[in-house]
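Consider the two complexes below, in which chain A is the common component and chain B and chain C are the respective partners.
Coming up: the complex of A and B.
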């Protein structure tokens, strides 16, 4: 029971890591990036390829994350420029179509070229005992990656000028413009940050279980559900929602079965929207 | 310092400003007065780069501002404080001020100046901007604008929505800013108080400049007295 909760929390932290990027990009850029999960896959598959070529695991993971970040940069500066030309709903819809197309293209390409590549990282020491509970070291590492990244993100948004500028744009675009903040460059930065975090989530997935080339869409959907439950503009809401849904997910697959997990997750999301329309915590950090 | 030369501005094909020319020299305080819908806000927004001009040109120190985005115009030193204030409601007073000085290394020094002008804000640095009273929000909006160290401050209806006693307080601070040499261009519906602050003024009517001149002369102008000062 307790180990189930721990598994759920660890999975939830991974989901938060993935969803936070989605949330930030939506809050700043007004687009929902349906290729977000593919960025996690790009990081994981790149890392797996590098490990296969003899690169040591930490370096391969780091390079994988950087490749995801670079992909984010290219995506923001190329395909997304088309969407950024429009405002509001038109931008959102065009963004959905473009990123959905990209997601399918990436998945198709990876599936065709590297159908058997998967990332599954194992560590020299398998298990440690914490407070009488046996936990896998890979799971602890994944959790640590997520916690440290989310903590740094939080401190960055709270404590730095740039972080405050990001929050200001989410609250009031006109106000931010009047403060001399260049929203396009801040948006690019956030897109890259989101891609880096998605990359880390991909690596974390490779640590806890495994990541293969067909998981991108599933990760995007999970991130979308988490972002919805957290309130698509709230960082700490996303964190809370990730952990909640992670635990729900693990319990649902353990007691009921994987085939119903998504229905249970979506029900949780639906209930949250009905009961708390602005998200779990309902405000921006 | 600012020269607007014959600009036209339209919203959805409806002309809001027609052939408007104004000038603001360094150290001057200039008012644009006129009734609701006369185009005052549109004029300020055009200078701030928030609306595109159809015809005509806007210059700042001889440099054309056409097609520059607002954030670049802000960095040149033209800072617009809208009547809607456009604060960050879920951020503290302090954070709002810090963002006003975005990328300005001198922000701590600027903070002292701003707090001397609006001591009430110093008492509320940790309060969320959205929970301030209307008057305090207006002060914060102006203070945030000052944190950008403006060369020209554009103030849209600073008195709007404020109780008379707060209007007086606010204008006392604007007088102080003027004495310190800040260049200001403001719009106002409350004509007497605007003319008491401004060196010169333009009267805008249906998107055209109707009359312009020194504030004192405008106060004596029969047409202005009748239309805006309520004197028969």
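Coming up: the complex of A and C.
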């Protein structure tokens, strides 16, 4: 029972890590990035490739994450630039369709070129006992990655000047512009940050279970669900929703079965959109 | 109803009907190409339906395959489990799909969710559908799929006859589209796709028209899906997946031209041929789909019909 809860929380942290990037990009850029899961896959597959080529594991993981970040940078400076020319609904629609197309393209290419590559990291020590419960070290390190990343994100957003600038744009685009905040460069920064976090989430996925080339769309949808349940503009909400849905997911798949679990998660997202469009902890902007 | 401005439309309908009616001759008796042509007719009907939903009322439905699949699966499962005749189950399936579409549209318009959330809700629904089909193995046989038998009385059983039945469905859908667009409803669609707020101010009931468009479009998806299921002799979740229906139909409508009469038909025809070249590439077809989607949406919003019309200085409907 307790081990189920722990598993759920660890999975939930990973979900939050994935979804926070989506939330930030949506809140700031006004674009719902449907290629988000593919960035996680890019990180994982690059890391797996590097490990296969003999690079040691931490370095490979780091390089994988950096490659995801670089892909984010390229994406922001090329395709997304077209979307940023428009405002509001038109930008959303264009961004949605462009990232959907890109997501398909990446999935097609990766599946074609590296059909059998999968990232599955194992650590030298398999299990440790914490408070009488046996926990896998890989799960602990995945959770640590998630916690540290989310914590530093919070500190960055709360404590630094740049973080405050970012939050001001999320709250009021015009007001921030009037205060002299350069939106375009902040947007690029956030896009890259989001991509880096997606990459970390991919590595964490490789630590806990395994990550293969076909999982991009699934990861995107999971992130989308968490982000909508948490409120697509609220970072705290995303964190809470991630942990909640992670626990629900683990319990439901333990007691009910995988397919119905997916349906429960998706229905939760659907109902949240219908009942509280701004998310569980969301606020109207 | 018949006025002078409609003549080009009827002309276009006649030409489309004639060309499509002659295609079985061009296949030279090859069963493979005849099957491909029949599949093309189904996708053309899908494209007309998507054109009504997205092209005219800007509702980005990403559950097209799921709508067609709901109708197909419901009709087939009811035949198998309760022994009802297809004549009863197919309308039930169509009704189900159409009310689902109307529900999504009503909810999103009423709650003022905007285009993006329609996309998110419907993409979530298409995954719910897929997982339900896999999960309810007892009724649906999961990924293995089920065999279907046609309507009885020889309908949708013989390959060539089925082609003409599906062609009739397609032409009726086109006719329906034409009548919709040349009526007040079409006028309202054009107004609200230009600017919803102004349309609302001009006294157009935006909710009603959007829900109506979603309802009609989803019903067409239901009809096409259910009849394809009977014709094909086999259904599986893969036939109605996001990639094999939603993405392809989206590309077809973009390619041909949104909001035009023959655009979706031309788009579906052209892309069926493209798809034949892409098929041997395996997974790389996703790369091609993605590239098509991005390039068409960015640079080719007008579509083939308008572009060709400009080249030959003719207004193609």
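In this text, the second predicted complex is superposed on the first by the 274 of 285 C-alpha atoms of A that agree within 3 Å, B and C clash if a C-alpha of one lies under 4 Å from a C-alpha of the other, contacts with A are read in each partner's own complex, and residues count from 1 in each chain.
Going forward, contacts are C-beta pairs under 8 Å (C-beta built on N, C-alpha and C of every residue); 3 or more make two chains touch, one makes a residue touch a chain.
Values in this document were obtained by computation on a predicted structure and should not be read as measured data.
J.: Where does A:260 make contact in the superposed view: on chain B (first), on chain C (second), on both, or on neither?
T.: second
J.: Which partner, once the models are overlaid, touches more of chain A's residues, chain C or chain B?
T.: After superposition, C is the partner touching more of chain A.
J.: When the two structures are overlaid on chain A, which partner does A:97 contact: first (chain B), second (chain C), both, or neither?
T.: In the superposition, A:97 touches chain C alone.
J.: Once the shared chain is lined up, is A:274 touching chain B (first), chain C (second), both, or neither of them?
T.: Touch partner of A:274: chain C, not chain B.
J.: For A:168, is the partner it touches chain B (first), chain C (second), both, or none of the two (neither)?
T.: A:168 contacts chain B only, not chain C.
J.: In their shared complex, at which residues does chain B touch chain A?
T.: 48, 50, 69-72, 74-75, 79-82, 84, 86-91, 95, 98-100, 102-103, 144-145, 148
J.: Within the complex, which stretch of chain A touches chain C?
T.: 32, 79, 82, 89, 92-94, 96-98, 100-109, 111-112, 115, 221, 224-225, 228, 257, 259-260, 262-263, 266-267, 269-270, 273-274, 277
J.: Taking the touch rule as given, give the residues of chain A at its contact with chain B in the complex, in rising order.
T.: Interface residues on chain A, with respect to chain B: 161, 164-165, 167-168, 171-172, 174-183, 283-284.
J.: Hey, which residues of chain C end up touching chain A in the complex?
T.: 60, 107, 111, 113-117, 119-121, 123-125, 127-128, 131-132, 134-135, 243, 247, 250, 281-294, 297-298
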